[in-house]
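As structure tokens, here come the structures.
First chain A sits with chain B, and in the next complex the same chain sits with chain C.
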Partner chain A sequence: MKARLPYILFAIWVLALAATPWVASNYIVKIATFLAMYGAIALSWNFIGGFTGYPSFATAAFVGLGAYSGALLQNAGMSGAWLPLAWLSGALIVALFSALIGLIILRMKGHYFAIGSIAIVEVLSQLASSWSSLTGGGEGLNVKFLAGGPDFIGRVFLYTMLVIMLMAFVATLLVDRGRLGFGLRCIQQNEDAADMVGIDVTRYKIYAFVLSAVFCGAVGAAYSSWVAYISPTDSFSILLTLKAPVMVLLGGPGTVFGPIVGSALFVLMEETIWAKFLDYHQAVLGVVIVLLIFFLPGGLLRLRFKKGAA
Partner chain B sequence: MNDSRGSGEVLLKVERLSKAFGGIQAVRDVSFTLSEGEIVGLIGPNGAGKTTLVNLVTGVFPASSGTVVFRGSDITRQRPFQAARRGIARTFQIVQPFPAMTVLENVVAGALFAGGAADRATAENEAMAHLEFVGLGAEVLRPAASLTLPSRKRLELAKSLAMKPKVLLLDEVNAGLNTSEIDQALALIRAIAARGVTIIIIEHLMKVVLSLSQRILVLHHGELISSGDPHDVVNDPKVIEAYLGSKFAERQKQLAGTAP
Partner chain C sequence: MIYGQVLANGLMLGALYACIAVGFSLVWGVLNVINMMHGAFIILGGYIAFFAWLHLKINPFVMMLPVAALLFLLGYMIQYGVINRVIMRPVLTTLTLTFGLDMILYNAMNLAFTATPRRVVLDMGRIDIGGVIMSLDRVAAMVLAFALTGLLYLILRTSRTGRAIVAVRMDRDAAALMGIKVNKVYAITFGLGAFMAGACGALVSVVFPITTSVTGLFLGKAFVICVIGGLGTVPGALVGGLALGIIESFAGHWWGPQNAILIGFVIMLVLLVVRPTGLMGKKGYE
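Moving on, here comes the complex of A and B:
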């Protein structure tokens, strides 16, 4: 019974988010959409950063590439009823991209991997800025508006983000219980020993990296339709790339529910407390990171487990 | 030990294997074969290239030249996980557990990824049996990091056994153990050998090597300088020279010459 409780709470949480358009204002619906979106992003990062222990800062690269791929496909005609196909294609392009990039940067470990992954964000951002003929350069790219009133559009994107989050959650459950998750945890603990024990570490790391990318790609593509305008600085945001690990570390890396708890707390803090410190909110983010490192290295969920075990 | 244990069928064949790290020739032109069921000691002074040789056989480093053939197929270019799945397991001089995982999970990893266990439940049953065998049956749920050094060495052995190895390379499993712990470890290695696992044992303690090995290989400066019956090998002047220096070897020779 105790083991079921988190699942019940999670189901209530999802239903509550899904119910917002019927009971709350458009502002609340927007926050619910952000909660689902960041939930999906945090669950994604958890595959590579939590299970596998590789500190990836490539999140914004995946979201941004998804946004540009989705936007360009939509403008090329994949709009209206074809919209989901544009989002799916954006996700697949990002998955393919991450597999190829993973082959290269997953050879690096620790700090080197972190720097390599952040470089991907920068390179893609530069590319989006300079390839004006395709991307509109620094001026950004307008995306076709979805027809319908603001209520309808709000609902469409809330449910889209919720579906992406649920897919990321189901993937997390499958990985957590399966051979892949066990292998990734072995890699996180001791990569050389994992190799010696018969785990194809290169392949497993690439699986984890692709899983950490594909849902971000979908989020990015859907985001571009939602906001209807994307720019290199907005899409390839270094801040986003930092938020993903902070959210997961806040909740509990390598756990199933940690990313959900962490991202929800983070978004709610951002909307309530930080909105009052508009000038300083990035400094507050810094303080949160420092406090996390010192006091909660295993995240909030681990804290509870520790108390339960002792 | 009796010499009739080996069935004679060649399991592992190392031919003219070399490895250079930049200008340093760590292993030079080493050839030997290993027959099924044998226990072979690999000795040599510090820095002789013993661990490098193990790393070449298990795919940790690519060889500079030469070949490794296992059960008839060339495995020179393999990666460590492939060696593990083929049945070449090793223990490390410095133990390599998954520290935050339980003792049981450590062994389950071996059974699941290299031992061919069909599912987690099967892997756990097998792992339990191996842990009982090495004497860690009472500590299965402790985190591996909390074990004492002798227990960690046992864990390494259990993990290797879970991989259902044909060949087991033991890289100084006795380093850091005291006399009574070594005796226990020896008994354990004998029990593993009795299961039919072919063993290469790297060891500094001559007592251990002589009591276990049917055959000894001696490496010095990366070269195989002597091999064969344990007692012939330890009396080989080249081996004495490698271990004790040329002056001492010279004196030994003179003593042998003047003896009636």
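Moving on, here comes the complex of A and C:
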């Protein structure tokens, strides 16, 4: 199980993504950036949804809040060389927000938690559209384009997203092997029993929730400077909130490599399907979800050792 | 008299909301499934009523029951053929599954009907009660919404099937031991949820424009109402729906209609924390 092969494959995968600007067109670089971005998002969701087993649908809230905080900070002067600081601040704001929200909604379980997390997305989206003086309302917010031409910009954001993904991956490894991961898995199996054997359930759940938020915040902030324009419906997209769990379910929830495999497969599928069936895009995604639930309940990585699936 | 008018609008809205939420709440309470297709069901019902009105000149109020019957069949088949297979799996699975089905239905409706908003125009005149003016088609929609909600209550209280549904909601295993075919009851319950959604769709088509882009809005209302009123009971949905209708009406009057939705969601979040069983809910039911 602790074989080195997956790590080697993962390293090859990251190097291949990093090499795209030198060997492929800008379109491929864009796809590589998306692969890294969704990899980070899927890894994030895995903390709360995979390890802890809480059906969180708040992903879009974190990405959207990160995008808005990042964009506002950039417009307030943190642009050019200060960009990484704007992204970092965006991530920190989202982390703080998720800790506060987590205190409230992590007291709920099952459906109530799911609904609560969807409601967070809705509330933030409504706020972003109605607080026009700060966020530009429904018209959205323009962010200054990075100077340096399309090739340079493509590279900057590819490496930014890759770094975020790698950070999320390292965090996953640490959690997976450490005390926190053990505690979260206990909570997933039986929260009351976990409480009984001395796991600080509330604190652990908040850790998982913040971990699931902070990288999404960074992704959102970087995304806002990449596309240079954000709007409420785009940033707080309910579709994004669903994609995260689907990607992780596709790969294998609660595993280290599952989110990477699932998100990569999903993005590549989306790119090929999108190109051919623009009108049926949502329906095809729906069919994928239905097939996934019936035929791959544990994800791709659980295929071999089905007996041990939790 | 301005507050009388706002209150009357709120009641009208609340009656429709109660009708929208009651089927959703039933499915959630009995099956423990959040039906993400509920909004799409409502809009599908609205479309059928609209096209029947446009091409066949049938009044949507007359079409209400046939539309509901069609939706019942659709819901029954979806539950029996698809959702029943994963009903015992965790929340995330069933929720994601209905989300996936919703995307298929949404996409199909978008292609078939396009997203252009359409609305049935019935000029039935208006009524003036002490300065409060209501158009008669809205009053009719309100009365029918109350009647439908009452009908569902009667079905659950008095019919054999209704008692079976309530029994499964209380204890699935005990109900199965008493000889109730649980899978069939699940399918009927889901069908009833779709039935109410379809009937509401026909009523909604008279009051609001019908377009695919509002499916999420209706679904959101159903969430909020279930949390306000409590799960799985008809009186809960009725209280929640009326409360939300009146709150939205007054909030829209004071702070502008664009903030009414926000206030609904904030109330829901607060209630989720303070009183997760809802105003009418009993403790111990999940």
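Points worth noting:
We take it that the second predicted complex is superposed on the first by the 302 of 310 C-alpha atoms of A that agree within 3 Å, B and C clash if a C-alpha of one lies under 4 Å from a C-alpha of the other, contacts with A are read in each partner's own complex, and residues count from 1 in each chain.
Note that in this section a contact is a pair of C-beta atoms (placed from the backbone, for glycine too) under 8 Å apart; a residue touches a chain by one contact, two chains touch by 3 or more.
The model shown is predicted, which means the values in this text are computed figures rather than measured ones.
In the superposition on chain A, contact of A:A194 is made with chain B only, not with chain C.
Of the two partner chains, neither chain B nor chain C is touched by A:G140.
Once the two structures are overlaid, the count of chain A residues touched is higher for C than for its counterpart among chain B and chain C.
Once the two complexes are laid over each other on the shared chain, residue contacts for A:R179 go to chain B alone; chain C is not touched.
Contacts of A:I238 after superposition: chain C is touched, whereas chain B is not reached.
Touch criterion not met for A:G220: it reaches neither chain B nor chain C. Once chain A of one complex is fitted onto chain A of the other, the partner contacts of A:P259 are absent, as it touches neither chain B nor chain C.
Against chain A, in their complex, chain C makes its touches with residues 28, 32, 34, 82, 85-86, 89-93, 95-97, 99-104, 106-108, 110-111, 216, 220, 223, 227, 258-259, 261-262, 265-266, 268-269, 272-273, 276, 286.
Across the complex, chain C is touched by residues 49, 53, 55, 104-105, 107-108, 110-112, 114-116, 118-120, 122-123, 126-127, 129-130, 238, 242, 245-246, 249, 279-283, 285-290, 293-294, 297 of chain A. Across the complex, chain A meets chain B through its residues 179, 182-183, 185-186, 189-190, 192-201.
Chain B meets chain A in the complex at residues 58, 79-81, 84-85, 89-90, 92, 96-101, 105, 108-110, 112-115, 120, 159, 163.
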